[in-house]
Structures are given as structure tokens and as C-alpha cells.
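Same chain, two partners: chain A is paired with chain B first, then with chain C.
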Partner chain A sequence: MAEAVFAQFLTGFSIVAILLIISLGLAIIFGVMRVINMAHGDFIMIGAYVAYVLQYYLHLNLFWAVPAAFVVLGLLGVVVEWGLIRQLYGRPLETLLATWGVSIILQAGIRLTFGPELRYVKAPDALSGEFPVPGSNLPFPYFRLFIIVLALVLLLMTYWLLYRTDLGMHVRAVNQNRAMAAVLGIDTRRIDSAVFAFGSGLAGIAGVVVAPIKTVSPIMGFKYAVDSYMVIVLGGVGRLAGTLAGATVIGEGETVLAFLFNNVIGELLVFTMIVLVIRVFPQGLFTIQHRRTENL
Partner chain B sequence: MIGLTGLSRSQLIIALAVIAGFFVFPLYAGAFRTDQLGLFLCYVMFALSLDLIWGFTGILSLGNAIYFGGGAYFIGLALKLQYAATHATRYGEGAIPDFMTWNGLTEIPRWMRPLRNVWFAAPAGVLAMGFLAFVFGVITFKRHIYGVYCAVITLAESLIFEELIIEKQAYTGGFNGITDYDSYSGSLHFYWVILAVTVFFFWLSRKLTTTHFGMVLRSIRENELRSEFFGFEVANYKIFVFTVAAMMSAVAGGLYAALNGIVSHQDIGPILSIEGVIWVAVGGRGTLIGSMVGAILVKGAQSLLSEQFAWIWDLLVGFMFILIIVLMPDGIMGALLRRARRRRAIAAGRMPAYEAARIEETPTT
Partner chain C sequence: MELTRRDLLKGAAAATAGAATFRAPSIFVRRLTQTSAQDNTIKVGILHSLSGTIAIIERSLHNAELLAIEEINAKGGVLGKKIEAIVEDPKSEVRFFKEKAEKLILRDKVVAVLGCYTSASRQSVLPVFEKTNSVLLYPTLYEAQECSYNCFYTGAVPNQQLTDFVPWLIKNVGPKFYLIGSNYIYPKETNREVKALLAKHGGQTVAEEYAPLGSTEFSTTINKIRAAKPNVVFSDLVGDSIVAFYKQYKQFGITAKDIPIATPITTEEEIRAMGPENAIGHFTSFNYFQSVKTPQNDRFVKAYKAKYGEDRVTNAVMEAAYFQTYFLAQAIEKLKGNTDPDALIQEGLPGQEFQAPQGKVKIDEKNHHTWLWARIGRANADGQFDILVTSNTWIRPQPWTKVLYPDKDCDFTKVPKGSKSGTITTKT
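Entry: the complex of A and B
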């Protein structure tokens, strides 16, 4: 029993990694623009279809799909940001609803193009097979290890972008105080655009790595999106540590509890825990102190 | 009459004419269209309840189908149990609904037995949903969870409820839902009952929003923090209106289940929750009429068009919805009402034209 739980715990890390890739983008977008993108799950779905197209029509393996999906979704992000979100600046709830419209369009568009059937994507041959986890005999698939490594790389890359580059400094400045940042000469619109493209690109990468684990279908993204919204609620915005903590708690919690009870009870328990946590920390676990004058 | 409704004479005449139109509609339309309109009226009630919490109070909840679906499941279950009890040849002596037998239940669970009486199940369902909304409301609003956070959390609630319903299939029929019971489909009297309840809910919503209470709700929508500084216990107002709206949704859901003859997990999930918000946004939030018009318009167009162009319809809804959000933030009715208000003001000489232009920018009430 203990060993089985440990095995689930290990598998959980790959779920955490996927959630982390998704929520990194979402958290930065939400931090800077105060906007929840309801189409984020569909960006994941499109990333998965990018992997599918590359594999079945161009016979390229999954590694190529990672940068391809990042670019495709990044461009889509720029278009959505420029065409829609910018038009609704300062109205977060309207933006949320409008991006739901984007979600409907993307799902319908994919269904028209590829049909509603489930599609399957193979993991690259180099990553097939399993290896024993050191210190025990538990097998662990190479592909899941790849996801974990990829997530860590992306996390470090995001950290480097945010904390070691000028662009990242501007992003953090806009995150903390948009008006003041604008006064100091930061082009906030350019930041919005860049941040949204980056976040969307990450969603695309998440879609690529999810594709071989789950089946690819037009509605596959929604569940992941809701989980990553919960990551943001739990972890707070403005700090990468919050996103990491949120993704870890939710990913591991859902995996291990799903094994001990069942999927739904696991989700229910995790959700209850999130609600209890935000009763104590309404802004999430990790947050930067803001002056609360936005609402006055 | 005018004192009771708070409507002006001309508004009252229009309202009565519309109600009369709905009243006589089934006498000229077929049974199919009557049933359809009855279902639309259930959606209208759902939209009204969403308008109360979103349009007037500014709480964007993406989980209100929980209460609609919850009410629907109470009634669906009750009617199914009743059907099983009265069809002994099909369901045997134990009167156990088929989906329970399939999932290995040999008798109806003790806690579910009172539901065999529909007249108990109906108020029980409404009260249960009210209580649930009260609990969720306390959790959410007492801690100042508002705006996007509130939307995301209610969305997750709705998703979890849908999954629970699918998971607990021995009690809920699971993925297939509850089907195969005596519905009130084709009953003229039941249609009129639905119409009467709709009218009552419209009246109730008007009472809630045109009184001093409604003023406070609107002030919360415009600026929550300032309302609190004025000494209003914002959380309590929100919890109250959230609970009332949930009970309205539950009633609408119950009527829906009784008319539709099938209850499924989609009636409780996030899709319906968000769809409801779309109706309100399209029709015009913060105007009770708008939300009702929106529900009938979107649902009506959907059922007329989607039979032939199912996938195209989704695309259309997406684009239409985005366009309305961007170009008509107050929805169709909101835009119309504002224009009418402005024209009236100019015609009455109360306001020079340049001032009237400003009305265009302020939200309608």
C-alpha cells in the first residue's frame, strides 16, 4: 500500500509539471493584466493538435512540436490580445466572458477542421520505455521524466526572463503598479502583448506534452484550465514560488487522493482545502503586498 | 395595480399584452412549440436569477447551474421514483428505478425515500439549494472574494458538482441522467403554471431591484468598497441575493425537469452556467427585461438554426457573443433603453442635447 501510494506520488510530479507549465503563463498574464483567459484550456488543446498535425502529416516527432506549438500559440495569443483583450481594457469580467467566446470559436473551428473524434499522438521513440526509480523497483516512464525536466527548464527560463532581463523588470513593474510603471515610461501595451503571447505559448507547450498521455479532442483543455485557475487562486500572483506551490499542492493532492478514494472525491477534497486556505489568505499563499486602492 | 407593480401605465399595458400573448400562444401553436416555449420560460427564470446577482449586484458567478440542476435532479428523482412505484410490472415489487438496479442497489436508500412524494421533493429541493447557496455565499463573500476570483471558484464548484453527478451513478443515473418518467410534456395547464411562476419571479425581481434594497445592490456593483464605507454590510446583501437567486434557479430547474422528461449532468455543469451568463450579457444585464429577452433570443435562435448547422451555430454564437461584449456592453436591451431614455429627455426639454449625450455613457439601471 505504502509503495503504491509512493508510486502515485511520483506520477503526481508529472501532473504537477503539466499544471506548472500551464499556470506559469496564466499567472503572469493574470498578474500583469488582471485578466482570466477562459480560452487558455483551448490554447492547450490547439497545442495538442499542433503535435498531432506534425506527427501525422509531416512525420516529425514530438520534440519538434514543442517549439512549433510555442510559436503557433504565441502568435494566436498576440492576435487575441490585440484584437479582443485590448479592446476591453480595464473590464476584467467582460474580458473573461469575451474569451469564453474565443473558446467556443476555437473548439468549433477545430471540430470543423479535424472532426470530433479522439486523436492519438505517440511519444517519441527515444522516450519510450521506463526506468527503475533509484532506491526502489518502481518503474517510471521516461516520457514523464521528460515532462518534469521540461517544466523545470521552463520555470528557470521564466525566472531568468522575469528577474534577469530588462523586459522582465518592466513586467514586474507593471504587475505591481500599472499606472506608475506607465508614468515611468514603460510601454504597458507592449508588455501586455508580450506577456499574453508568452503565456499562450506555454499553454501550447503544455498541450504538446499532454497529447501522448491523454487523448486529443476538442474539449480536452477545459479541465486543465480550471485546475490551473485554482493554482492561481491558491498560489497567488506576482511570485513564481506561489505558482510552483499551488501546482504542487493541487497536482499531488489530486493524484494521490484520486488513488486513495476516486477522482471526484480527490478533486472535492482539494477544492475544499483551497477554499479553507483562501479563507486565511484571501490573496493566495504567496503575494506581493499591494496598496489596496484599486477599488476605491 | 400600478402601485403593486411599480410600473407606469404604458409599461403595465405592454407587460399585460406580452403576458397575454404568452398565455394564448399554445392555443394556436402545436404541442411541440408549446413545450419548447415552456422550456424557454424555465431558461428565462434562470436568466432572471443570474441578472439579479450579476446584472444588479455585480457578482459574476459561473456556477449557478448548480442550483438549476440541483432543483432539476430533486424533481427528476421524485418523478422517477413515483414512476417506478406505479409501474410494478416494469420495476418489480421494490419499485426501484432502473439505473439503481443496474448499479447494484437492491432497495431505495433510506434518505431518498421521502422524495417519493413530489410535493415534498419540490420544496425540499428549493430549500436545499437555498441552503447550499447560503453556505457557498458565506464562504465566498464573507472573505471578500470578488470579481475574477469569485468567477473562477464558482466555476470549479460547478465542474465538481457535474463530476459528482456522473460519479454517483447509483443515485443520479450517472452520465445518462434520469430519463423515462412521466413528464408534463404536452400539458397545457403545466405550461400555464410555468408562465405564472415566470411572471411571479419577474415581479419579485422587480421588487428586489427597484426598492431601496435594489439601490444598495447597485451601489455594491458600482463600487463595493465605497458601499462598505457607507456602512452597508456588503457581504450580507450579497449572500441574501445569491441565496434568493439560487432558490429561483432551483424552481426553474424543477419545472424544467418536470416538463423536459430528462435530467442530465449537463443541467448542472459549467456549460449551462456560462451559457446563462451569455444570455444575460446578450440581452442586457441590469435590465430584467433584457435578461429575459436574451434567454429567449439565444435559445430560440439556437433551436431554429442548430438542427441544420450544428457546428456553424457554435461558431456563430462565439462571434456574436464577442461582438456584443465589445460593441454593446449593455446588451441589446441596454442599448435600446438608453437611447429611449435619451430621446424622452430631449423631447421633454429636461435636458439639452449635449447633456443627453452623457446618458449614453452611464450604465442604465
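Entry: the complex of A and C
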């Protein structure tokens, strides 16, 4: 029993890592631009198809798909931001509808190109096995360990970009006070473009890493979209710690409850908890408390 | 010549009709030509989702039915008439199933509809078929406990997949079963029967667990399975969940040698989506596998691949979709072209036999379900099944399985003519 609990704890980390990877991109875009990207799940889906194409047609290892998906989705992000979101700035409802339209277009496009069937993406051979957890004889998949490590790397990288570079300083300035930042000479449009591209690229990476353990199909994005919205709503926007907290609470919560009761009750209790938390902290668990001169 | 009042009326009617033809907008003209074409063809409705969530599997049913129609027409059709397929796409949404069924029956006046996949979609269209007294042929394996005068069920019911399977598993693998399913009616009903069979044959249910429909995260369940140490994991997960579950099962280091997964639902199609290495050694019970060795199946698989692509696989639900099309054609032939629904339901379809890819199959004379073969397959490295057991004979469908409902059955021959309900007879 103790072993099972320990295994459960580890498994929970891998779920937290998946949630973190799928919601990081959305969190950054929402946090900085206040744009809710309804196509986020479909960006993840495109990332998974990048992995599929590289593996099936070019016979490349899944590792190659990580940078490839980041670049492909980053470019797609630039195009969507430039063609759509920039035109609708300050009109959140229209942005919502427009990105929803993007979501439908992407799904239909993939269905037309690859068909509605589920697609198969294989984990790299180096990561396909499992290893005994130290101090016990429980096996744990290498691939899940890879996801945990990758989540940490992406989190640290994002942290470094936001808090240790000039670009990051500009991003935070725009986030806190767009008008003032513009007055001080920051090209806010370029910042928006960069942020959207980066967030989209992260969604692409998320697609690659979920492909070998879940399913790949044109409609796979929806589930991840819901999960990532939950993480952000719970954690609060504008802080990476919020995303991490949201992912941890939902991931470990669901895992532990599913273990104690079952999956259905686990899901139910976690959703109830999210509703209660939002009732008490409408801003989410973590939010930057600062004066806002803008009416957002 | 004396003009009677009747002649006058006739003349007037003809004139009005003629005028209508000339003056009517083009849409009416097209409908008139359609009706005249109807004389040379037999219209059959095809109602499977071609887009949306369930399209993944339903498109293959649609494909199989079109293939059968093409074959029938190539051989000269039915009594010299070609079958004309009227295809509708209900987009995986229950309400569209109902609308499209109404359209097919009322506007296109099809002889019968081949269609639906999920139980939800079937149950949403059944009232339409019952109200308009039309015929539906339904190819999916399902939880049974249903008998509609207007529906013929050509897929398996639980007794045809489980009666041999569960005792075989107990004997060859072990008695302790861990049941896992998606959280809706089909898995719950199937598991009820599995539990009854386990109790009857000395097996044991270690745990019974359900995952939300569409769930793709099973690490917790797998940890629980490892802790419970069963001999068999009996899965009636459906859709995306199947693929995710098998993949994660292997990633967490449980192989078929340790604890095999046994299931009445995982087909070649899901194995293709998960990769054969994730399915290897696990058991599936079905009436049909692509690897069945019959001349009919060789031809079916070859024709399907030729029409839809070399990398395609065939599966049990498709096979039912394929042979139910032949059932319908043969029934119309038997009735000498009479397509009256009551004639089809009472005389045409019951007792109809066909040499299907799985072997000879037959629509039961009484309960509108189909006699099918039972097979147990073990997934191999090519994504196909090695067939370990084939039943000695075809198996009678029991809409109310004897294990759970010894006194319940369904018999349309005992119902007074004209009665559409009260078809369930309870033996006393």
C-alpha cells in the first residue's frame, strides 16, 4: 500500500507536468495580452501532427519534433497575431470569436489533410522503457520522467526570459501598464507579436509530448484547452507561480482523489473545488497585486 | 359525346398538373424527375457521421456499406434495379441523426436506412422509424435489452461476445478480474454480464472502475491495477480512451504476460492508432477479425483495400455494416421487389441468411437480432489478431441474456399482426 501511494505521488507529478506544459503558452498569452486564445487546444493538436508528420513521413525521432513544433507553431502564432488579433485589440469578445474561428479552421484543415482517424506517434526508443523507482521495485516510464524534466526546463526558460532579459522586462512593463510602456518607447506591437508567437510555440511543444501517451486526432485539442483554462483560472494570471500552483492543485488533486475513490468522483471533486476557489478568490490563487491605471 | 362530370374533373386535374410542371420553379421539376428515376432504382439511406467525434469509426461503416452496394450493383443490382445510396452526414450529433433520418424517410422515401453507431444515436432515431413505420438496419455491437419492430440489429449482443470468452479467460489466464470501462451504459451493462458469468464460472471481480467518457489519463488506474494484482484486466473502454489506456499500460511496464487486457471492443482500427507494440498479446472477443480465413473475407479485405487504400484495416462493425447491406438486398429480392415496410419486417428480413466474411450469418426469425460466430483473438506484432478460438457453430442472439434475465425474451412471431409494441414476452 505504501508503495502504491508513493507510485501515485510520482504519477501525480507527471500529470502536473503535462498540465503545466499545456497551459504555459496560454498563461503567457492571456497574462500579457489579455487575449483568450480559443484555438489554444488546436495549436496543441497541430503540434502533435507536426510530430506525426516528422515521424511517419520523414522517419525522424520525436526529439526533433520538439524544436520543429516550436518553430511551426511560433510562425503560425505570428500569422494569427498579425492577421487577426492585432486587428481586434481591445475587443475581447470579438477576439474570442475570431480565435474560435481559427480553431474550427485548423480542425477542418487537419481533417481534410489527414482524415478523421486517430494517428499513431511513437515515443523515442531511448525513452520507451521504464525504470525502477529508487528504493522500491515500482517501474516508472522514462517518457513521463522526460515530461517532468521538460516541464521544469520550459518553466525555468520562461522564467529566465521574463525576469532576466531585456525583452522580458519590456513584456512585464507592457503587462503592467501598456500605455506607459508605449510612452517610454517600447514597441508594444512587437512585444505582443513575440509573446503570442512564444506562447503558440509552447503549445506546439505540448502537442509533441502528449502525442505518444494520449491520442492524436483532429479533435484532441478540446480536452487540453479545457484543462489549460482550468489551470489558469485556478492559478490566476500574470504570474508563473500561479500556473504552477494551478497545475499542481488540479494534477495532484485529481490523481489522489482518483486513487482514493475513482476517476469520475476525482474529476467531480476537483471541478467543485475549482468553483469554490473561484468563488472565494475571483482572481485565482496567485495574482500580482498592483495598481492598475488601465481598465482591463 | 356526352361529357360527364367525372370526365370534366379528370381533364381539369390533368390540365392543372400539366401547368404545374411548366410553371413550377426548377426545384419542383427536379423532384419530378427524381420520382421518375425512382422506378429504376431502389433507394437506400446511409446515415453515418462523416465529421465530428465519432466519424473516426462511422466513416468506415459508411465505406463498407457503399462497397457492398457497389458490388451488388456490379452484379446487376436487385431484380435488375440498381441500389441508389442516399448519403447523409449527421455530424456525430444526436439531434442531426433524428433530422437526417426524417429527411431520408419522408423526403427521399428510402426503402430502408443503414445507419447509426452509438446507442444514443440509435435511440434518438428509433421513434422516427416507429412513427413512420420504416426500416433501420443497425450494425454495431451494443448492450442489447431492446427490441424494436422497426429495427434489425446485425451487430453482436453481449451473449455472443462474452458467454465463451469469460469462462475461457478464467480457465486459460486466471480467475481474478479487474473491470474497467467508460462511464456510460454499454460498459456498465457489459460488466453486469461479465460479473454474472464470473460468479457462475468461479471467477472473481477484484474491482470495478469507470473513467469519464473520453478520458485519456490512466496512470492512476494502472497503479491501482498493479496494487490489486488481478489475473485479467477486462476493459470496455471506448474511443480515444482505448488507445491511451493500452499505450500507458505498456509505458508503465505491464505486459500481456503479466496481466493481459481482455476486451469485447478493441478492434484492428484502434490497434492501428496505438501501434501494434502496445497491443501485443492482449485478447479481444469478436465475431470477426480481419485475419479470419474464409474466401469471403479474402475478397472483402481485398476489395476494401482496393477501394479505400492499402493501409486500411477492416473490423467487426464494418463487417456487419457490409453484410447487412446484403441482407437488405436479398430481402427485397425475396419479396420480388415489394418494398412495403411491413412485408420487409415480417417476411423479407427475418430468417435471411448470408455467407459473410465471418462465416454464415442469419437474422433470427423471431427477435430481429443476428446469429453470429464467436471468436477469441490475441493481438500480434502486425496489428492483427491470431485467432485462438472459433465457436463450433453460430450463436443465437439473446437480447436479454439468459445469465441475467432467464425469463425475458423478444419474439415478433408471437405478436398479433399489426401490433408494433408489446414485443417482449416474459415466460411464465
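Just so we're on the same page, the second predicted complex is superposed on the first by the 279 of 296 C-alpha atoms of A that agree within 3 Å, B and C clash if a C-alpha of one lies under 4 Å from a C-alpha of the other, contacts with A are read in each partner's own complex, and residues count from 1 in each chain.
Heads up, the rule we're going with is that contacts are C-beta pairs under 8 Å (C-beta built on N, C-alpha and C of every residue); 3 or more make two chains touch, one makes a residue touch a chain.
On a predicted model such as this, the values are computed, not experimentally measured, just so you know.
Undergrad: Answer with first, second, both or neither: which of chain B and chain C does A:Q87 touch in the superposed model?
TA: Touch partner of A:Q87: chain B, not chain C.
Undergrad: Can A:V66 be said to touch chain B (first), chain C (second), both, or neither?
TA: neither
Undergrad: Quick one: classify A:V133 as touching chain B (first), chain C (second), both or neither.
TA: In the superposition, A:V133 contacts neither chain B nor chain C.
Undergrad: Now for A:L75: first (chain B), second (chain C), both, or neither, which partner does it touch?
TA: neither
Undergrad: Under the stated touch criterion, which partner chain does A:A98 make contact with: chain B (first), chain C (second), both, or neither?
TA: After superposition on chain A, A:A98 lies in contact with chain B alone.
Undergrad: Just to be sure I read the superposition right, which of the two partners does A:I186 touch: chain B = first, chain C = second, or both, or neither?
TA: So A:I186 meets neither chain B nor chain C here.
Undergrad: What is the contact status of A:N262 with respect to chain B (first) and chain C (second): first, second, both, or neither?
TA: It touches chain B and chain C both.
Undergrad: Return first, second, both or neither, reflecting whether A:Q8 touches chain B, chain C, both chains, or no partner chain.
TA: So A:Q8 only meets chain C here.
Undergrad: Would you check which partner chain A:R111 touches, where first means chain B only, second means chain C only, and both and neither mean what they say?
TA: It touches chain B and chain C both.
Undergrad: Kindly list the residues of chain A that each of chain B and chain C touches, one partner per complex.
TA: Correct list for chain A: 111, 223, 262-264, 267.
Undergrad: Using the touch definition up top, name the residues of chain A that touch chain B in the complex.
TA: So the residues of chain A in touch with chain B come to 30, 34-36, 84, 87-88, 91-94, 96-98, 100-105, 107-109, 111-112, 222-223, 226, 229-230, 232-233, 262-264, 267-268, 271, 275, 278-279, 282, 295-296.
Undergrad: Chain A touches which residues of chain B in the complex?
TA: On the chain B side, the touching residues are 60, 139, 143-145, 147-149, 151-153, 155-157, 159-160, 163-164, 166-167, 223-226, 270, 274, 277-278, 281, 311-312, 314-315, 317-319, 321-322, 325-326, 329.
Undergrad: In the complex formed with chain C, which residues of chain A make contact?
TA: 1, 3-4, 7-8, 11, 14-15, 18, 111, 116-120, 122-123, 128-130, 138-141, 143-144, 212-217, 219-220, 223, 254-255, 258-259, 262-264, 266-267
Undergrad: Using the touch rule from the top, collect the residues of chain C that touch chain A in their complex.
TA: Touch residues, chain C against chain A: 51-53, 55-56, 59, 183, 209-212, 214-217, 219-221, 223-224, 226-227, 240, 243-244, 247-248, 251-253, 269-270, 272-275.
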